[in-house]
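Below are two complexes that have chain A in common, paired first with chain B and then with chain C.
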Partner chain A sequence: MSVVFPSKKWMDELLKKINSDEQYRKVAATWEGDYLLTVLLDEEALKDFQDPEKMAGLISMLKTLPPDKWAKFKGRPEEKLFEKLGLKLDEIVRDPSVLDRVDVNELAKKMASIRLEEIRGAALYLWMDFWHGEFRRFEVVAPGEKMEAKFKLTGNYSLYKQIVQGKVEVIPLVISGKLKLHGDLGYMLRNMAAVKRFSELLASIPVK
Partner chain B sequence: MIKGTPFDAPLYEIDEERGIEYRNCKAVTVLFTLKRDLSELLPEGLKSLGNGAVWISHYGFSTLGEYKEFISLIQVEDEVGDRGYYIPYIYVTNDAALAAGRELAGAPKKLAKIELIQELDVIQGILERPAGKRLATVTIKPNTRALGAELIDFVMPKPTHLYSIRHLPPIKGKGGVTQLIKWYAEIDFHVDPRGERVIFTGPASITYDSPSIIDPVHKLEVDAILAALYFEFDMKLGVIDILRELKI
Partner chain C sequence: MAFLDLEELTQDEKLLREEVHRFAEEVVRPASIELDRMPAKERVKPDSPFFKVMKQMKRLEYHKILIPHEKGGLQLTPRQAYIFWEELGWGSTGFATALGVDMIPFTVITYFGSKQAYEELVEPWLKRDDWIGCWGVTEPEHGSDYLIMLREEESLVEKMGRGNVVAEKDGNEWIITGHKSSWVSAAPVATHCGLHAQVKEGKTLAHGLFCVVPLNLKGVAKGEPEDMLGMRDCPQGWVSFDHVRIPEHYVVVAPGPFYGIFCDQLLCLTSVTVGAFSVGLARAAFEEALKYARERVQGGAPLIKHKNIKLKLYEMFEKVEVARAYVRKAMEYTYSRLYKGTFDASPRHARAAQIFAKKVAYEVAHDALQIFGAYGLHKEFIVQKLFRDARSLLIEDGTVEVLSLEAADDIIENYEKEYYNAESITRRFQEYVTEIEQKERR
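On to the complex of A and B.
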């Protein structure tokens, strides 16, 4: 059964998929390192989130952010995005449960009037922690968090979407410069079997 | 000058300080994960990183003359932690390049038919030995500018370390030499009028069309292609050191 990308369900499914894969456990047995993914919102994201189902998926992910982290969005492009959606960051900071009561249909409609220039730089930040064949944690994080991650991958939402759909591979996107990868590239190239198996499992989850 | 033989009419002469110089070169290279461990091909002192590559180039000018080259490479790490590529198989189209490569760096060069041609929207490199026996075909559609400088410079740093075994067989137990040689390629990518390096990437394939036990380049079985590049460049080759004497 397919899951919405991006969504908390998708995150849970990926975590489950990786941790139940014997082959991954074997090829990543010595892997030690985490990834910070910066998913920059682009035109395709603005279009996708006009779909209430995808908007609900996005909100489900944001709701996992611990209450004390919301203040980190202050003054950033993400705050502008929240404002355009009619969400007051101060209110979320005071009481993140306001996100439980949002009308995703309404938010999806408002998305249609947002222009990319108004929110340029807004991103979704995801942190993945891998250790000795285990995918220990997959979390939404706030801007500026986990900057010490072993690998930092930055790119547009549409590229991440293609990766998740199995249409493209990460390394060719990094070579082309469309996706920026910072970190210990030697370590990554020494452990391509783990990276490759992760990509295969990632792409094996049917998404909508 | 380093000279080959005959001493009064050497096949190659190389300025030791400047190395072998190349101008107006074109190449395709494909980096891939290896399907199986190839440690048995490596000499002592080198550790496989699990990735392989093929390189097919045309050197428009070099101080050894114009020639084409096919190289099979295994990405390795040496004992001091330097990363580079071990060369199990290498082919050229020019006798001076063959002799200099074998005698100075130990590159196990053989002569072969090598082509690097642009046709329609693809660039294709081939290796045949003898002509007609197609050992390998590399095809790339270079449709995207490769701007990921960090990863490209990681895969082909300046200098790129190369490793090979220089072997002079003994005669009745005397005079034999078997050495692990560390050498280098310093690649200067051409820069276009807009200031961008002339490196393109795109979908690619490698096929070992007609495997041969005589020239087993197919041993570097491709698991998954990581990166495929077409680029234009100048280059300098030189020898760094004898890393160790080997017993075989």
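On to the complex of A and C.
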């Protein structure tokens, strides 16, 4: 059964998949460290979110953000994106439950008129916390949060999508500079078995 | 000449040794002697023995020994790979070098590159017998200092000056401009180059990238083979790039922290490999000396009855055995890291394998020549070629002095660590990129 990427369901599925994998638990037994993923919206993202199902998936992820975090989008490219979609950030800050009432079909339609230059730099921020073979937490975070993460991975939406679909591997993308990785690479190299198993499991989830 | 291997090889390993040794003895060595005696320009003509042997090696799939099975290769076990390199080095360190550098651009793509680059470059290379790779590192103003940039203080690296080959991003392409020096192994015969270039805005060699450049592109020029003292069976020459455009996916390792780790780890691989064929050369010299000393009568008795010769032969044997034991161990450790994709081989141990084996090769070849007396100086005997090749090894692929200094930096910084510590390389190489990124943003 496939799930929509990106969506809250996909996040839950990944969390479940990793934590139920004995092999991962074994190879990541000594791993200590978290990741901050910055998923930069690109042309492909603008196209994908014209699909109401994908837009619903995006909204389902954003809705998991704690109410007090929304103010962090102020003055950022993401705020411009919300505006273009007809969503007022001030209203969301006051009452995040407005996202429960949005019409995803309308939002998807509006996506078609947005040009990348208008929202360049807008991103989705995800935080993954791994500890001794356990995938403890997987959360959407606000800009500027979790900057102390052990690893920070930044790249375009289309690259993340290809990784999730199992079309490309993370490491060659990092080596070729398409994905920017900041952090203790030596630590990562020493724990490559954990990174690889995670990537395999990530790519094994059928996505729409 | 057969010999007892303390490692007690499996049947498969014994068969591999026999097969590669037979090829080294019957094909590689005679061709290497012929090439050694030929004028430089003759060695790169289409009917040269160089191409005949390279094609034969490709038909035997020797170029595939490091490529994983699922990517169309043979992927010998690390121990099998050691056996392979020692035997090929026994036949000719020139051909071993030529095959080694042939593998570099394509093997790097296989392990680190994109699917697109693999399909465009590696797949044809696996099938064809006329694609030959080379490794473009050495430059008119930079040689072994490419090693120093990894761990030396930043101020010293800056003093070394900028690289002689520069890469500039232009849309979805990179433009390569500059000159690699006359010592690029196999450049005159190569069709592709695994190239280290400095990013145009970068301050030092460390702010670089690794790309693969097909040498038939517009703007590429290659020099005639140089007339060198040794390793004449592997033609060396310059290669230059005049605004050569390559697609983005031919840049396999982008500027940044991974470029530092990549250079460090690639040097681990080349170090243990050069170490293995240096042991092969040392063994070849020892065996020549042993054979000659058994046959040659001087002062009324075979040379082997003279105590000074006996002593020398023992010392040569000892050196070869110790070098083999260490280099094989270092190669097993290093290659297994490559196969696992962990890129965490130990630089100090890999460099030690190369340094020690090169010194042993030189010392043993020197002593072998001494045992031959005046005949050792005569071109009729291979021992003078082995001596010249061994002397060249002390310089090629990093001088032993600079390799030792670089290994010393790793020992001083990391001796107590039971793992590959890439922290300082990561930090330094990240700083270079961050500086450029900040400039670009401004």
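Following the convention adopted for this analysis, the second predicted complex is superposed on the first by the 208 of 208 C-alpha atoms of A that agree within 3 Å, B and C clash if a C-alpha of one lies under 4 Å from a C-alpha of the other, contacts with A are read in each partner's own complex, and residues count from 1 in each chain.
Keep this in mind: a residue touches a chain if its C-beta (ideal position, glycine included) is under 8 Å from a C-beta of that chain, and two chains touch if they have at least 3 such contacts.
The model shown is predicted, which means the values in this text are computed figures rather than measured ones.
Following the overlay on chain A, a clash is recorded for the pair chain B and chain C. Contacts of A:H182 after superposition on the shared chain: both chain B and chain C are touched.
Residue contacts after overlaying the shared chain place A:A112 against neither chain B nor chain C.
Using the contact criterion defined above for the overlaid structures, shared-chain residue A:R190 touches chain B and also reaches chain C.
Contacts of A:A29 after superposition: neither chain B nor chain C is touched. Once the two complexes are overlaid on the shared chain, A:A71 sits clear of chain B and of chain C alike. Judged by the touch definition given at the top, the superposed model places A:V168 against chain C, while chain B stays out of reach.
Residues common to the contacts of chain A with chain B and with chain C across the two structures: 171-172, 174-178, 180-182, 185-186, 189-190, 192-193, 196. Residues 33, 49-51, 75, 83, 144-152, 154, 201, 223-224, 226-229 of chain B touch chain A in their complex. Taken in their complex, chain C has these residues touching chain A: 112-115, 249, 251-258, 261-262, 340-344, 419-423, 426, 430.
Chain A meets chain B in the complex at residues 169, 171-172, 174-182, 185-186, 189-190, 192-193, 196. Of all residues in chain A, only 168, 171-172, 174-178, 180-182, 184-186, 189-190, 192-193, 196 touch chain C in the complex they form.
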